[in-house]
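You will see two complexes here that share chain A, one where it goes with chain B and one where it goes with chain C.
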Partner chain A sequence: MVKLSIAKILQIALKAGRVTRKYPSEQPLLTPEFRGAIRIDPTKCWGCGACVRVCPPNALTLTPKDKVATLEYFVGRCIFCGMCAEVCPANAITVTKEFELSSTSIEDLKSGVVHRLVRCSSCGELIWTEAELRATVKSSPISEEYITLCPKCRKLKFGKAAMLGRGGSSE
Partner chain B sequence: MSNLAKALKAIRKSIWVYHLNSGSCNACDIEVLDALTPYFDVERFGVKLVGSPRHADVILLTGPITRESLPKVVRAIRAMPRPRLILALGSCGVGGGIWWDSYSTTGGFKKLEDILRENGVEIDRVVYVPGCPVRPEAIIYGILLLLGAVEQKSKRVEVYASES
Partner chain C sequence: MSKTFDDIVKQLVDMGGVVEELKASEVYVRVPRDRLRNFARFLYESGAYFKTCVGVDERQLNNMFAVYYIFGLDELGKDVVLRALAPEDDAWVDSITSEVPAADWCELEFRDLVGIEPRNRLVRRLVLPEDWPDGVYPLRKEFKYDMRPPVGAFREELAEETGIPVGPYHPALHEPEYFELYVEGEKIVDVAYRGFHVHRGIEKLAESPRFTYKQVPFLAERICGICGFVHSTCYLMALEKAAGIEVPERAEFIRSIVLEVERLHSHLLWLGVAAHLLGYDAGFMHAWRIRERVMVLAEYLTGSRKTYGINIIGGVRKDIDLDKIDKTMRTMASLKEEFSKLTEVMLSVPQVKSRASGTGILSKSEARALSVVGPVARASGLYRDIRKDYPYLAYKRVSFKVPLYTEGDNLARLLVRVDEVYESIEIIKQLIDALPGGSISVEEYEIPVGRKAVAAIEAPRGEDVHFIITGVGRPYRWRVRAPTYQNIPALRAMLRGTPLADAPLTIASIDPCFSCTDRVVVYDMRSGRRSSIRITRGG
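Moving on to the complex of A and B:
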């Protein structure tokens, strides 16, 4: 090992100057590429579950319960990959630069978006979320008469209508 | 003032940490070392790395606690003097990360806590620090939160998807 004299050490130290970052009183060193926690915009999210399927550690879960389905984000398991933001059809997810997420309780690391579910107007089965229904009506020309039906009732209704030679209309 | 609050006040300016790797991918460990370099200089807060859990106030726990490491982790935590403070680092330490439901890991600190309780080892305080890997700044923030020097920002929120 090379032994340095005090004079030499002082010389090196003076040349290097102060390198210590004064976090938390100073801003943290965040690069443009840094990915932190995600934020789900409740005004945009449909509750489609695409992000849930793609999330590698299952940090996002969509659980139906009674008449609502909750999209829950558990930041304590998130690996900050950003895949959910990439796959979201509604562009509801943004990757923020938030990293000061520490918490003394695990419950505080969870957050949720609650979606109301829609019932099939014929058989009464819960089919999809209100937000997804609105988004679908907006983006595709599906007939108003079929929109509130579950896939099974829709098939049945369309079959009946086709047999009567009336195309998409009922009665 | 409770015993814990007294103890926390006593160690406020000299926190000795012990780094315990329970099967992490090493990225979190690199970040722990990064936090100890002069660049982030945690000795500003009196944080010092020690070589034995018997000397430690805080354990920096990284990794998802693999089955292989579980008995050693329990022994190391049992060896700590009270108050036992733990910083669960990374998504692995907090919630098991991408290995949360694997047969070969315990799946995060929550489940380890139950195992510790069964074995009669009490934990006085734990701070969960998410990140994959955790930033050195996030570790510093976690330590400050453990000591009560900063406010907690995370809070459970549940909102209804809006009508518009």
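Moving on to the complex of A and C:
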């Protein structure tokens, strides 16, 4: 009985052969659907932060500091879900097949895009990244006077203009 | 069961319950907190299984604490939820464990985490660590999700055990367990279990501002390393039910297919582990070799070997195209062939058969009392399968058998899983054949506040239950009851009276989330000597 089962398992083993791949000298087994680390194209990114809002593990962060905002991708936290690539309005994020990501330095696991911020020309508050401003102008016609204003000042200005238009006084 | 759903609801009302909400699949009945046990007894005697209980801090809504006891009428496919309220300054409810032993853990859990006292039963700390300060309840709303309370003093009992090796636990593996086996010579006379070493507070995290409805599926997927997709699907099913979101049929099919793929890999993994524990490493190697095909298929279908990440509210993210259909069908065909050859050999090995049969017996009555789930229940003669009892997703469209064994021993649990692999292969084939067209997710949805829902899924290890109360932007309360939660208490019944050598296989036979560095402490009743043994030979 025992001998019989050994003969049978040998048969199975001989048929299966060697299945372990000699990685890394051989190619790893990856299917076309595999999701690895993401790559952010800095020329396309607006810095709008849609990816940051959707990222479940907070691998993407957008931190404004002084005159710049940094979009940082920390691959150490990434769960490779690819939700960021789906929501990106600028198509700046691509999901790559990269998975050999280990490093001896934590800094190597971080990458990012630095965006210059624009201040409101009226009140001086930080409003937007330069890139998003450019993208907005490109996609929708918006008057030069309003583009550099923060939402609050824009509302104010529009209100005043509307009143003037109706013949009212702005004073 | 002769009673209909209406009869049961009517009877509950006659007993003094107030129907708060009546849905097609579940009913919420408010009951007086001092008479909970009567209601529980009535439901249990009417054939209901106990699913879980949930403590909720509802002070923001109605200034009360609430406890939900969820019962499943399997034969009718409906849930009965008993809700009892307790004021903050006098937070207690009547315990139901004398009637329903299965409620033991979850009552202790809401005592630990919400601070509602279950009365008329023995209490001890279950979830919180020994050095957690008294009177700090993590699931109360005023407790911030990232708060770290000052560590209190260790209790007396623990101090007595100084110097005795207990452990080690592997902190990186997701469910370290700790069993204390009390033996007389070679025979086990009693078992103590201490778990929750790696309680991660996932439920708390999901209701914190850190998370939104959309992000929680990815969090839910990380509850378990083996059946993660079950958890994310179950969360979404509960949410979609609560919010009344209609999921497109195609998405339901895709979810079901991936769920079955997950069951295949889980059962193959378990078979490998079981063979390994029996010292039959050839079986282990080949089971895992076959499993690798399933893993590759899972990656091809979803983009990831595990934690698939394709579940979103109202559907899925990845469609199944013709290439994938072709690959799935081919994988299933070869899997079936290889698996039947392997199991034929594996089950003919006399050592496997003799070590598995007659060991770790769980009788039907004990299985019923503890409301065990999944293959453990089916091996003890309980006909329970959520896919049949509460047909969800696309399971109403397929025909399959539920394997049933009555021996209740380790071999029966092994055979249930072997049979289920064949059934899963057939289910996947049927689902692929019947895959309907259409979109794979809804475009828009709205999630109203304050809705409740219970959802259950048949995970590889048994019934997984999620309960949700919707809140603003994120769940107000989300409760997860994994299948192992329900099955571990049954181990005590299985292990008592068996030889020590059978303990590793028996513990593994319920397919707990198993880490290979688990150890058991052996306490010899005659000499009073303690020693620790490795539960697996490897690791």
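Here, the second predicted complex is superposed on the first by the 151 of 171 C-alpha atoms of A that agree within 3 Å, B and C clash if a C-alpha of one lies under 4 Å from a C-alpha of the other, contacts with A are read in each partner's own complex, and residues count from 1 in each chain.
In the analysis below, contacts are C-beta pairs under 8 Å (C-beta built on N, C-alpha and C of every residue); 3 or more make two chains touch, one makes a residue touch a chain.
Nothing here was measured: the structure is a model prediction, and the numbers come from that model.
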Quick one: name whichever of chain B and chain C touches more residues of chain A. B
After the superposition on A, what does A:Y23 contact: first (chain B), second (chain C), both or neither? first
Tell me which partner A:R39 touches in the superposition: chain B (first), chain C (second), both or neither. neither
Is A:K110 touching anything from chain B or chain C once the two structures are fitted on A? First, second, both or neither. first
Between chain B and chain C, whom does A:V75 touch in the aligned arrangement: first, second, both, or neither? first
I'd like to know which partner A:S102 touches here: chain B for first, chain C for second, both or neither. first
Considering only touches as defined above, state whether A:G47 meets chain B (first), chain C (second), both or neither. first
First (chain B), second (chain C), both or neither touched by A:P56: both
With the two structures laid over each other on chain A, which partner does A:K157 touch: chain B (first), chain C (second), both, or neither? neither
Which parts of chain A are touched by chain B and by chain C alike? 19, 29, 56-58, 79-80
Contact set on chain A toward chain C in their complex: 1-2, 4-5, 8-9, 12-13, 16, 19, 29-35, 54-58, 79-83, 86
Which part of chain C faces chain A closely enough to touch in the complex? 210-211, 214-215, 218-219, 222, 282-283, 286, 289, 292, 296, 299-304, 307, 309, 317-318, 338, 341-342, 344-345, 348-350
Per the touch rule above, chain B residues touching chain A in the complex are 38-41, 44, 91, 94-98, 100-101, 108, 110, 125-132, 135, 137-138, 140-142, 144-145, 150, 152-162, 164
Parts of chain A lying in touch with chain B, wherever the complex brings them together: 19-21, 23-24, 28-29, 37, 42-43, 45, 47, 56-59, 70, 74-80, 99-116, 129-131
